[in-house]
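What follows is a set of structures to go through.
In what follows, subunit A forms one complex with subunit B and a second complex with subunit C.
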Partner chain A sequence: MTALDAQTLASVRVSLDEVLAGTPGDLSSALAELGWADVVEADRETAAVLLFGAQGRALASTRLLDDVVTHALGSPEGTVVAYAGILLGRPEEGTEQVVVLDENAAAVLPITEVSGRLQPVRGFDRATTWHRLDTTASGEPLDVSAETLALAVAAARRALTAEIVGVCETALAMAVSHTTVRHQYGRPLASFQAVRHALAEAHAAIENTRATLEAAAVADAPVATVARAARVAKHRAGTTQALVMRHVVQVHGAMGLTLESDVHRAVTRAAALDVLLGSSRELSTRLGLDLLSGAPAEPIAAI
Partner chain B sequence: MIPETAADLVADHRAYAAALRAHLAPPRQEADRFAGWRGVRHRTTEEQCAADAGLMGELHAGGWNRVGWPAEAGGLGGDVRHRAVLYDELIAAGLAIPLPSLVLEVLGPTLARFAPALAAELLPRALAGLEWWGQGFSEPEAGSDLAGLRCRASRDGDAYVVSGQKLWTSLGATASRFICLVRTGTVESRHRGLSMIVIDRDSPGVSVRPVAIASGRNELAEIFFDDVRVSADRLVGPEDGGWGVAMYLMQFERSMYPWQVAAAGLGRLRDLVGTVRGSEVPDGLTTRIGEVYADLVTLRARSAQTIRRLAAGEPVGPEAAVDKIATARAETGLHDLARELLGTDFVLGGSVRHEEWREEWWYSRSATILGGSAEVQRTVLADHVLRLPKEMAS
Partner chain C sequence: MTTTEADPLAAFADEARAFLDAHAERRSTDAVIWGKGEDHTGYFSEDPPEVEQALVDQARAWQRTRYENGFGWITGPESYGGRELSGVHDLVYDQIEAEYDVPDTGVLSLIGLGMIGPTILAHGRDEVRDRYLPAMFRGEVIACQLFSEPGAGSDLAGVQTRASRTEDGWVLRGQKVWTSVAQHAQIGMALCRTDPDAPKHKGITAFLVDLSLPGVEVRPLRQMSGGAEFNEVFLTDVHVPDDHRLGEVNGGWRVALTTLMNERASVGNEASTGVARVLSDGFLAALLHESGHGEDAAARRRLAEITADLTAAEYLNRATIRRLRSGAQPGPEASVSKLLWAQNLTRIAHLAAELVGPRLTADTGEWGTFSWNELLLSAPAFRILGGTEEIMKNILGERVLGLPKEPS
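Up next is the complex of A and B:
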């Protein structure tokens, strides 16, 4: 599936986890030190799955997704992205333009027109760095083909799927560790069948999402298929985070609802990632509408 | 016959897929050799099995379903990926996955691995549709709890004498052989005292009672063994080594069966969406259509991974429970969607199509039961993958 061998993949995974658990400010230099450019060069898709998986596991919030989009759109340096009006952070010094991205359209705004129209988000995730762009900011249509746009959205959806998988992995690990240590009625919580089955379902959902994501990397397929595959993957990630977080919160008992546990960080991070570029519900509705209007129920995954 | 480039097709499952697609497509000029099977469905499981076996015979005559099986067992070489491709292309061509192949995919690789002589004798006949088999695992006192099996096989000279009963045997009503897990050790030996053995239906002392599921179709059967003598060379794997054989078998039960469900399910979803296209779809069901489609794609993506691992000779093990959970979700979801979309017609409609959806709906309920219940799958993941503290015995 990839040009990188299993051993390299495993060691890259460990290094990425270290980098993303560190200070987010040093991210680009830390990645450069890791020789990240070479990994991307060898296999861009696998690199994205690794990087966003690590970001998810670390519950970190960065601007890395912008790189996926700007690369796919061929945007110049100094471009940041607004996902249906959401920016992943306040644009840094030196930013020249903002690409406003939607499923069917992309527009570009010079940074000078953006600065006064940005509001920091105060939302579900209390620690978010996200900003919202005021809806009157429309900009000039971006000069890219419909195919390029569709491929950029699909690449971003695959990256988000990888990240949600990472967040879910961390949440499940918290639940496994909590229920193994915590005793009730004289035995570990994780020895009760209801708890064991909930965690097993969470594991199955995560692994099935990983498989769906792998199948969605169909680079040589027609653009419509690439787009559909990415919708399915992002939809799957959304249903998975809903299931995983429901079970993880439940098995933590009241502890899972507090600021003292990290569970809330996973719950709110996954929720935020679910709404970017189409929630699971929006995407399944779109998939259903497409099938009803004659799109093929194509299998996507090849063997 | 398979074209002279067969060696290329055996080496490359994608080339095989393309050649097979061309072979299965309805011809423009000459008569359609698959006309008797295309879009045809039979009223009883017995008739369906016979017709499906005929389809296997037709595929076998051309060599097509011999690809993917080892030459020592009547095949032409290639691997499990070729077999996956075959089921895909059958559905794409408006044909069905032959019922006997559902069981063959579970038992065939097991015979080939643990009983080469038996595989050489029996597999060619099964591939040609001349016979099909039943999988005799469950018993009245042991459904998913295989270690509790009681059907006994006692050694007597060069034979075993088998006494006991099997239940819920798929295709049991018409199968000509049963591949059974039997107890050769004491009951207390649990999983250590089991063996796998092939028992011919026409042996003295074997009787079969078909079990109709609620649709009225004889999908299952109950098999009774009354001091049945079975030659010792019918053993699959070593005596008392049946558990290991069964665990090997589970990899196929939890990988190719899911793949077949996904292939057939995508075909059925296409039919269903075609039926309601252009009419007003009730509130919420458009989203359900999208969800069921996504569930089928996920199932297929997961089983594709698993089948690739099998093809590479990697053990799949307890992780295959993940495939089984995805299968149940897709299979039950699809048929519940059909029930909701067809509404009154699902319950009262008199057409063959409505009858078919009703029958399949009942069969779809087995997705959370057969091959280890949904609860067993979750326990397998909790024990062997997540390694959670063990559940306490009551």
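Up next is the complex of A and C:
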């Protein structure tokens, strides 16, 4: 449920896609021009889903996730976040501290202790600006309640889920257009049933994850419920991206393996996002343990 | 939700609780106790006929009680005994009712009230609506779906059952098959060929057939899972009055689409008692413990994955139902629900089979072991009924993703 009507949502979505596909350097002024603060004011959760969906579709790499976390933790201006050891970019001028966030603990380090310990991440997603903080940097425990921490992690997981869904949408759109345009045996690839069925399966997985995300975005549920719902959503996002990318790469043939096509950008981005704040594999281990210790799996009775 | 919406809804919820408190017991909220109560996991009834009949009678009686108290057709027109309330009210009622121990009304509701009812409302003449709609929603008339034929399954527009004009109506001749609940039904919605020379989608007409008419014969078909829920229905010179026609002459395909769209939406959401229980996470967790796999990390992860998928599917259904019940027409997205529902149940059946091992195949009397064979043997049906998995994917590819057509 949102305070924003369908028409506003649709037009915000279009504007956001334009902004995020544009110059990421100017992101905050572009968002300000859009009146983004008002949208956030009206409905923070929906705003996050929209924003991160657009970021995913654009395959953009920004530090917007830090805003979600610092807002939830009530951190002062000038705070950036390390997700376990990962920072989403090199801290800008004026950054004062780094919060190191984990599922069960958060610590804080002054920026002076961080600067010399950052390395650009040279993972397979070369388009990110991510940096790694070396593991000797431990810091002081952050003074927040366990509940605040759990809500911050949950909010970040929902944002990441929205982003992964966005990346998957873009990948599927690439596959739809490639298989419609390319012909073999005198027919579009997409007229072969094995190809159509792979894409239909990808679509079903994406829609299912989107519905899970919508349901996980509940404000007034107990903290444990909110946390579990976000875990389920992020877990599903991880399994969904694995399935979607497998099919999308396959239907591109050799084209999908090269840097000439954009497919690799979606594949590597989705895989990178999967590992932030718990991969689908880690989350399923945790969910399984919870389940066997009697925690109900059904998070929320949303109507 | 805004306050203006919330208040009447809260009043409605109170009204529903008061009704249910007066007519039913609350369901026990205890955690699942392994080894207690029924261990059925099946989708299809396997009861002997007298037991099955008793369950159908209970279903009818409960539907009547709902109807008499204003909960029989919450979204239906007042002129047919409905309340003309929103789909959200309907959902609220379903959720509240789930807290109570009430008879399973699937035999009436899944096909009759869920698929044929909306079709009659959209395409029936007044005579037919007046006669059948209140009776259906009162639980007196059970409806079945006479669509599939030996020669027309996925390619439903290939139906060959003929309907020929007579002076005052039509005479039907042909055979239907896989007709669920026909053994309990009073009426059936039949798709018949009325113009053999027209292109196949344009020569079909839909009729409502009174199954007590001379010439109608229902023969049960037994399934490998044990029960006999669906049937062959033979139509031998059955005279149907013209006012029992649904929609236009040769316009039956449009009418059928109304039914099929409602079918996909309701199948993915269906919870027959055995299956609903299997789907509860407590039951699955207990299975893992009891089968000695509580410490098995791989099994635990698979269980978690299945449970997360079930939760996700549930949300998708609710989103779809919300859309449908707020007046949107059912669309091809319902195929997503149907697809996932079948996949999830199939995975559960296979996980259970692995966990209980050889005990699956021999009835040793041990609770919660052999009983999983019911789900395992029902599971293949989920990928077939209501449109096969392959057909769902065809629909999604063509109608949702807009892929180029397959050559025909």
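Here is the rule we go by: the second predicted complex is superposed on the first by the 301 of 303 C-alpha atoms of A that agree within 3 Å, B and C clash if a C-alpha of one lies under 4 Å from a C-alpha of the other, contacts with A are read in each partner's own complex, and residues count from 1 in each chain.
By definition in this document, a residue touches a chain if its C-beta (ideal position, glycine included) is under 8 Å from a C-beta of that chain, and two chains touch if they have at least 3 such contacts.
Worth saying up front: this structure is predicted, and the values here are computed from it rather than measured.
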Superposed partners subunit B and subunit C on subunit A - clash or fit: clash
Which of subunit B and subunit C A:Glu214 touches, first, second, both or neither: both
First, second, both or neither for A:Ser284, with subunit B first and subunit C second: both
Subunit B and subunit C contact sites that coincide on subunit A, given as residue numbers: 176, 179-180, 187-188, 190-193, 196-197, 199-201, 203-204, 207-209, 211-212, 214-215, 232, 235-236, 239, 281, 284-289, 291-292, 294, 296-297, 299, 301-303
Footprint of subunit C on subunit A - complex, ascending: 1, 172, 176, 179-180, 187-188, 190-193, 196-197, 199-201, 203-204, 207-209, 211-212, 214-215, 232, 235-236, 239, 281, 284-289, 291-292, 294, 296-299, 301-303
Of subunit A, residues touching subunit B in the complex: 176, 179-180, 187-188, 190-193, 195-197, 199-201, 203-204, 207-209, 211-212, 214-216, 229, 232, 235-236, 239, 281, 283-294, 296-297, 299-303
Subunit C residues touching subunit A - in the complex, by the definition given at the top: 1, 31, 88, 91-92, 95, 281-282, 284-285, 288-289, 294, 297, 300-301, 303-305, 307-316, 318-319, 322, 333, 335-336, 339-340, 390, 392-398, 400-407
Residues of subunit B touching subunit A in the complex: 13-14, 81, 84-85, 88, 262-263, 266, 269-270, 273, 276-277, 281, 285-291, 293-294, 296-302, 304-305, 307-308, 319, 321-322, 325-326, 375, 377-382, 385-386, 388-392
